[in-house]
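Letters A, B, C and D name the chains as they come in the text, with residue numbers starting at 1 for each one.
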Amino acid sequence: MWELRARIRPVIESRETPAGRIFDWAIQLMILVSVVSYTIETMPGHSEEFYTALKGIEVSLLAIFTCEYVVRLWVAERPWKFIFSFYGLVDLISILPFYLTLGGDLRAVRAIRMLKILRYSRAMNRFRLAFIEIRAELAVFAIASLLVIYLAAVGIYIFENPAQPQIFRSVFDGIWWAVATLTTVGYGDVYPVTIGGKVFTFLVLAVGLGVVAVPSALLASALSRTRTQE
Amino acid sequence: MWELRARIRPVIESRETPAGRIFDWAIQLMILVSVVSYTIETMPGHSEEFYTALKGIEVSLLAIFTCEYVVRLWVAERPWKFIFSFYGLVDLISILPFYLTLGGDLRAVRAIRMLKILRYSRAMNRFRLAFIEIRAELAVFAIASLLVIYLAAVGIYIFENPAQPQIFRSVFDGIWWAVATLTTVGYGDVYPVTIGGKVFTFLVLAVGLGVVAVPSALLASALSRTRTQE
Amino acid sequence: MWELRARIRPVIESRETPAGRIFDWAIQLMILVSVVSYTIETMPGHSEEFYTALKGIEVSLLAIFTCEYVVRLWVAERPWKFIFSFYGLVDLISILPFYLTLGGDLRAVRAIRMLKILRYSRAMNRFRLAFIEIRAELAVFAIASLLVIYLAAVGIYIFENPAQPQIFRSVFDGIWWAVATLTTVGYGDVYPVTIGGKVFTFLVLAVGLGVVAVPSALLASALSRTRTQE
Amino acid sequence: MWELRARIRPVIESRETPAGRIFDWAIQLMILVSVVSYTIETMPGHSEEFYTALKGIEVSLLAIFTCEYVVRLWVAERPWKFIFSFYGLVDLISILPFYLTLGGDLRAVRAIRMLKILRYSRAMNRFRLAFIEIRAELAVFAIASLLVIYLAAVGIYIFENPAQPQIFRSVFDGIWWAVATLTTVGYGDVYPVTIGGKVFTFLVLAVGLGVVAVPSALLASALSRTRTQE
């Protein structure tokens, strides 16, 4: 029994051996199948047979991912550490809800399985390192961004609420406008119509674009530094 | 009396002592309560009781911030310098209007209290240093941006006014279009429909994106230099 | 006569003497008055009297700028060189059209006066230097951007023309879509509705954002290098 | 015969001789004529005569490009290598479809001729070098971007599908929304209306803008490094 466990462990936990690589690719393929099958399932107008087929795929994948979790738990040197590790929790959340609520509509939870693929992504580790490096900076500028967004929201609410009471109903609508404007997405569902509101928008953009752009710029440059260090 | 003042001062003005930290956190919490209560108050459809409760919170916070201002003034080594300092003015504007117009609708002024939180933000100082460093550059490129925006506004007005007299009514509408376009927000409330206007938009974007993006880029790089120097 | 000319020249051509600075500020003020008066004139619904007042300002400024041109020509060491210099041509175009077509509606030409202000802008010189430095690069990447825009335009036309024949009428509409999309302005007047068109948009953005962003990035970094060299 | 071939080869394959330069310019001009004629042809409402003229230009250009291909094949030192080279394939695809389906509507294929112009573009080579340098990085971050886009799509579908079942019909509509939002294009055809969806959009933008912006930033900086190395 222990001998088997010692032989299976490298297959499960490492990508150095041929068998390990095949196992990894198989899991990744099944995550992809799960994701694609979920995406197709959300489309309306499927026939009864097609829906049953998707349901079958789903149940099979649930069984496979359950086996994967049990095996990973079994071969782990320190099982409790595995259970409470990030990837251990992701693996658990990918299967547990279906056992807790047999037959319930938990389609959304299946999207979480996408996170299982992070285990195989070298980018993930780089993001983590870059994030740790500039954690303090990001917090500081994130607060500055929130401040700019909130003050912009209050300002536009004061200017536009009298003119468009149905669009800028409260400061919350102002926050939504500030987010869409300062990120330059600009959906066009909310925008100022008064002269005061337009002048205020100009000032907010002049000041705010720099502030809101800083955190992304910091992350991008930290990532490229992490790349150089490797 | 002076002894008490000497004992209270470090609590108010520094964050080194435990008591000073507690005082700072308490004030920050109350700023947050004030901001959240204002934001909720702007939402329509509150019951009479809920509105009265919000009013009660507001009056209590007004009393607390008034006490804070009086104590800060009392412990300040040079009271006049405190009154005319940036944070002293913010503290004053956060409370004064309510005493000047008892019962008036001055809800908007309450948003200014948000600025009180800047006192506790290290980012603020960094922004100030970065801003001072590139002040001359920013002024120069800000003028260049204004020039580009104005010339773009006149151009689009000339092209689009005959085709859309209700949308591009005057050069002011052109300025609004130029701001939304050159910052790439693009709400979609104003856009060219003539071939001339579209070709002109293409040329304006080709020239103007670089110019308008420079001030933000300068600020971002100055901020990251300030960071390195610390 | 020559003595007078020798005494006036430093006032006109340099900003070192107090009189020269006053002259420069006066001209800049009048350019601003001309621009503001033009901007206000474009607004509809003015009374007859107000319109007459604006007309009076316009005629006075025309007289002043004509004098300025004559004096500049008179004091110039090499008059022909002045006439065909960039600023000499801007000065001429600011006044000539009004003499050629007395009473004609040449309001638009007045916006060109804005360019006179470039004479006083240090930023202008910096832009010129940065532009010369990366002229070759800009040309190369501008062509690459045009290629991406054109291929994107043809692609979206092929995908969307059958579904939206009134929106994507020809490749020209595709070009307008490509410009608005690749600069991320996204007005929302034209966008794909077919699955093919949406997938194509995703691919175009994945490839094209980098290409189209390069010229602005090159200009911004050249400008900041020019700044360092000064 | 071989002598002729030896004399024609430098004209076709190099740009060093005057004749070679003239040949290159002539081909580039005809590519431009082909592209412009195709663009005009897509416009509706042409008269019968004009359409016939465009058809004539098209047939002539087809003949010329066929000759060009035959000559290039004839002078090539290794004909098979030329046929399967990138530019050889582009040249073939520019003409072959018209011979395979005589009279068929293959207008779209003509846009591929635009790619022929890449042969003359120094930028192309630079893009290729920059691309090779950061190929591994791009793949890694492209996968990270896809992950962010997919998770954003699932999230917005879950929040918005109940409120806007006609707009967010399936996860595919969520993907379209995520692409338009994270690239900050923001057409405004799909956007969240629920509070949950708006808060989720804010979080997605806070996290995703940095991730999606990284590949373009990497490409831009690789391109400017390639420039420095030259």
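In this section, a residue touches a chain if its C-beta (ideal position, glycine included) is under 8 Å from a C-beta of that chain, and two chains touch if they have at least 3 such contacts.
Everything numeric here is computed off the predicted structure, so don't read it as measured data.
Trainee: Over half shared numbers or under half: where do the identical copies chain A and chain D land at their interface, same or different?
Mentor: Interface between chain A and chain D is built from largely different residues.
Trainee: Which chain's C-alpha centroid is most distant from that of chain B?
Mentor: Result for max centroid distance from chain B is chain D.
Trainee: How many angstrom between the C-alpha centroids of chain D and chain C?
Mentor: The mean C-alpha positions of chain C and chain D differ by 31 Å.
Trainee: Measuring centre to centre with CA averages, how many angstrom lie between chain A and chain C?
Mentor: Here the centre of chain C sits 43 Å away from the centre of chain A.
Trainee: Using the touch rule from the top of the page, what residues of chain D touch 2 or more other chains?
Mentor: In chain D, residues 172, 184-188 touch at least two other chains, as defined above.
Trainee: Can you list the residues on chain A that touch chain C in the complex?
Mentor: 184-188
Trainee: Can you list the chain B residues touching chain C in their complex?
Mentor: 137, 140-141, 143-144, 147, 150-151, 154-155, 157-158, 161, 169-172, 181, 184-188, 191, 195, 198, 201-202, 205-206, 209-211, 213-214, 217-218, 221
Trainee: Sort out for me which residues of chain D touch chain C in the complex.
Mentor: Listed in rising order, the residues of chain D that touch chain C are 35, 38-39, 42-44, 108, 111, 114-115, 117-118, 121-124, 126-127, 142, 172, 176, 179-180, 183-189, 215-216, 219-220, 223-224, 227.
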